[in-house]
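Next, two complexes with subunit A in common: one pairs it with subunit B, the other with subunit C.
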Partner chain A sequence: MNLKKYLSLTRNGIMESLQFRLSMFIVFVGNLLYLIVVYFLWKAIYASSGEEVVNGMTFSDTLIYLVLATALFNFMEMYTVWQMGRAIQSGAIVLTLLKPMEIRRYMFWEYSGNFVVNFFATLLPTFIVVSVVTHGAIPLGLNLLYFVISVVMAVIINYNIDFFVGTICLYTESIWGINIMKQVIVLLLSGATIPIAFFPETIRTIVYWLPFQSIYNSPLTLLLGKSSDIKDVGIVLGTQLVWVAVTYAISKLFWKISLPQITVNGG
Partner chain B sequence: MKRRGLLFYARLYCKILAQDLKSKMSYRADFIISTIGMVFTNIAGFVSFWILFRNFSTINGWGYYEMLFLYGFSLVALTPAQCFFDNNWSLRIYVYSGDFIKYCFRPINLFFYYQSEVFDIKGLGQLAFGLGTIIYSWIKLGLGFTPLMLVKMIVFLTTASLVMIALQTAAAATCFWIQNSFYVLDLAFRFKDYAKYPITIFSSVFRFIFTFIMPIAFIAYYPSLVILRPDEVPLLSWLSPVFGIVFFYVAYRIWMYGAMKYNGTGS
Partner chain C sequence: MAPVIDIKNVTKEFKVLNRREGLAGSIKDLFSRDYKTVRAVDNITMSIEQGEIVGYLGPNGAGKSTTIKMMTGVLEPTSGEILVNGKLPYKNRSKNAQNIGVVFGQRSQLWWALPLVESFRLLKDIYQISDEDYDGMMKLYQSLVDIEPLLHKPVRQMSLGQRTLSDILAAFLHNPKIVFLDEPTIGLDVSMKAKIRTLIHALNKEKNTTVILTTHDMGDVDALCRRIVIIDKGKMLYDNDISHLKGFFGSYRTLKIRVGGDLKKEAEVIGKEFPALKVEADDEWISILVDEDKITVMEVLTKLQKMRRVRDMQLEEISTEDVIKKIYEEGVE
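So, the complex of A and B:
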């Protein structure tokens, strides 16, 4: 694999996203407000319940979990569905298909620059702030390594799902509806809005069998995990690896059989 | 320019609406999928609500059905912004491409003409869902029913909806001054999710902000107190219709100011 061509796409992405500093600022303000709302909401919830620990999670556990889930969400949100949908509707997808690189790879690496920018602009600062404010509620050790591995796999799973959903646009020519469905399902079932520990028993069992919890719940469990038991870590990472393979195969296959569907009206 | 009456505009709206519906019907798949997407969003919102209340019975003195009432109230109040003012989302594209100039050449109110062009049918699903939630929680709370209450509901729901319309309109109008205003609009759109919480959970600083600066407390909290807790209605609740109208008027002026300043792109 010639890495150079991919890295030049990454570099373009970095330069492009640095052009939009104002939008980055607005996104930052939006997230801050969201976190404030989350903070007060859960504070009120815990205050009303009168208990310190609910479902094995204290107030600060829940808060750290949700803060980091938000940071991860911003880090991973790629707008792939929108991009593919628009390209299909406008016909510009033809230009991407002509590129001497597979479209899945091209779109991923084209976006990859944003990962670099987002990492330094949101994920890392959030992480540092959380670990300073909570006085070391995040254990610093081997779990950081697990976390990084887990996030990389989460990014791939997330992208595969996005690409799969984007492919549906070939058939439906609907973007908004498809995208909102995906977003809602992923956010709820991945534990990004409410930690999975709070789910009722049966739903939790179902959720663990779905790929979505591998996106947010797995990395966060590894990061905040109290047990550094290598067996537990292995199970979480193994599950993720399986999902990486499965979602990759499915989205690749689906794209392959869907591509003949494409109709471009002029352009 | 001759001033035209309300009747004229009402008739005109019906004519434009009919055209819009016809053009929507030619994308039937998109319409159906978007509607399903909307239903999904509401169900997911409800499920996260339900999961939360399975673990905690009250939040800050607000019981399950009271919170449900707030939730339904906010859904209904948000519907007009969704249905009638959806074209705000396209404003930046029209302004950017220069197509906005076509709206400036009509002998009718610019704001009216622009907003009337799109009617978003999928918002009706949200309306049904919200009304169902209100009625269900109303019965469970045993609030009783008098014609006066119905009148209050209609008045307060209508004026509450003006707040969201104002937020969205003002956010959309930023595109007259800045590029990439999508993020501003997206930010305003995310506020709506916070409207369903009682404002009392916040600290006094944020209570002030969410009341006067980003007035989301007027979308559900203040107006629904009139029905929910008729014995202890704060002054701000009674004033909420006034605030709704004021906020809407300010947003309308900002929007019109931007539109009047608009120069076109020369294409």
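So, the complex of A and C:
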């Protein structure tokens, strides 16, 4: 494998992403607003419950979790479905198909520069702010290493799901509805908008058997060190690894089956 | 030498949903299984040698882009066989990609927000071009066009002409065996067109690159192509030298005259006088297409002068455009 061509894509991605300074600022403001809403919403929830601890989480536990989940969302969201949908509709996908590189790889690495930018622009600052403000809600130890490994796998799972959903656009030729549906499902079932601890028992069990919780819940659980036991860590990372393999295989297979939509039907 | 592109009896069909009109029709369409088959390319055979520039012509919707997409490997033929560099392109798309370059009309493969040179550097890495080859290519580009100011300009700030030029340079960068140019001069001004033609010509000469060019601009064809292929409604109408085509229709000349009165009406009168000739009128001229094997222009003119006072006249050789128009309308025979 020639790594240079991938890093070259990353490099261009970083430069392109840095061109849009204003958009980074607007994303920042938008997140701030979202977090203010989250703050008051959960404050109200805790106030109405009349208890300090709900479902094993205090108010600050929940808030820290959701702040980090939001930062993680901004870091990981790749808008692959949009990209693919638009490329399919406009026919520009032909140019990507004609690169001497597999399209899944090309699109991933084409975006990868944004990971670098978003890491320094949102993830790391949020992390530091949360760390400082809460005086140690985030333990600084081995859990950081687990977190990094977990995020890498989460990114891959997320991309595989996105690519799968993007492939559906080959059949529907529309993007909007599919993308919204995907986003709602992923954000809800991954624990990005509501901590999974708040789900009713049965739904929680179902969610644990789905790949989505491996995207947000797993890395955050490892980061916040709720289970420092090496066996628990192993289970979380192991589950993610299984989902990496399964989602990769499924999305790759689905693309292979669906490609004739272009090559036979002309897209 | 084996041809670089070999197309044998290739047909491409698409299944298209029969759409109904109106809101009720749109709702019915949701459940419709009523497909019709459209034959975009119908039994085409041709072979192209290394280093040729082939003009691939036809009206809109004739099947030009479909053929090109089959040659690049994006589309799979319904029947027949295409070999590019001896391989089936749609089965070896990524490998084939290494040997071809493409420019699809208005679509750009360049990085929008970045200076051109960054797109080139990326192409250098993904096509694994060696430093030597890359530098050599840049030197060649520099000798052909003034590329230096373009290199440091973000693509989104370029004019359409500069962007097209850049896209063509990007397509040639990895020194592919074949470059497909799908309407490269569309929407460009005259001087830019000339620049791009010179560039394509020089690159073809220098690197012996095979160029397949689709265009509606006869200027492109006259300037670049020795061989042209014409297709309409998916069927191949013509595949030969451009000079042969001109010879074929060489005995035709267009006589243009101006007379007093309403030109449309006058044209009708003249048309009746010469039933064998094609007479058309626009705002300024009455054009008469004369086949000199049957009647000479002088004879026509003498007759006309007896009918009306001819105020002005012009004689035009038939242009490639007319030839193709004639083929579209009547076929080669």
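Here is the rule we go by: the second predicted complex is superposed on the first by the 262 of 267 C-alpha atoms of A that agree within 3 Å, B and C clash if a C-alpha of one lies under 4 Å from a C-alpha of the other, contacts with A are read in each partner's own complex, and residues count from 1 in each chain.
Everything below uses one rule, namely that a contact is a pair of C-beta atoms (placed from the backbone, for glycine too) under 8 Å apart; a residue touches a chain by one contact, two chains touch by 3 or more.
Computed from a prediction, not measured in an experiment: that's the story for all the values here.
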Once the structures are superposed on A, label A:Met101 by its partner contacts, choosing first (subunit B), second (subunit C), both or neither. second
I'd like to know which partner A:Ser8 touches here: subunit B for first, subunit C for second, both or neither. second
Applying the document's definition of touch, where does A:Trp176 land relative to subunit B and subunit C: first, second, both, or neither? first
Residues of subunit A touched: more by subunit B or subunit C? B
On the A-aligned overlay, A:Gly30 touches which partner chain: subunit B = first, subunit C = second, or both, or neither? first
Going by the contact rule set out at the top, does A:Phe20 touch subunit B (first), subunit C (second), both, or neither? both
What is the contact status of A:Ser48 with respect to subunit B (first) and subunit C (second): first, second, both, or neither? first
Quick check on my understanding: which residues of subunit A belong to both its subunit B contact set and its subunit C contact set? 20
For subunit A, which residues are in contact with subunit C within the complex? 2, 4-5, 7-9, 11-12, 15-16, 19-20, 90-92, 94-95, 97-102, 260, 262-266
Contacting residues of subunit A [partner subunit B, same complex]: 20, 22-23, 26-27, 29-30, 33-34, 36-37, 40-41, 43-45, 47-49, 54-55, 172-174, 176-181, 184-185, 187-188, 193-194, 198-200, 203
Name, in rising order, each residue of subunit B that touches subunit A in their complex. 27, 29-30, 33-38, 40-41, 44, 47-48, 51-52, 54-61, 122, 178, 180, 182-184, 186-187, 190-191, 194, 197, 201-203, 206
Can you tell me which positions in subunit C touch subunit A when the two form their complex? 14-15, 40, 66, 69, 72-76, 78, 90, 93-95, 97-98, 100, 102, 104, 107, 109, 111-114, 118-119, 121-122, 124-128
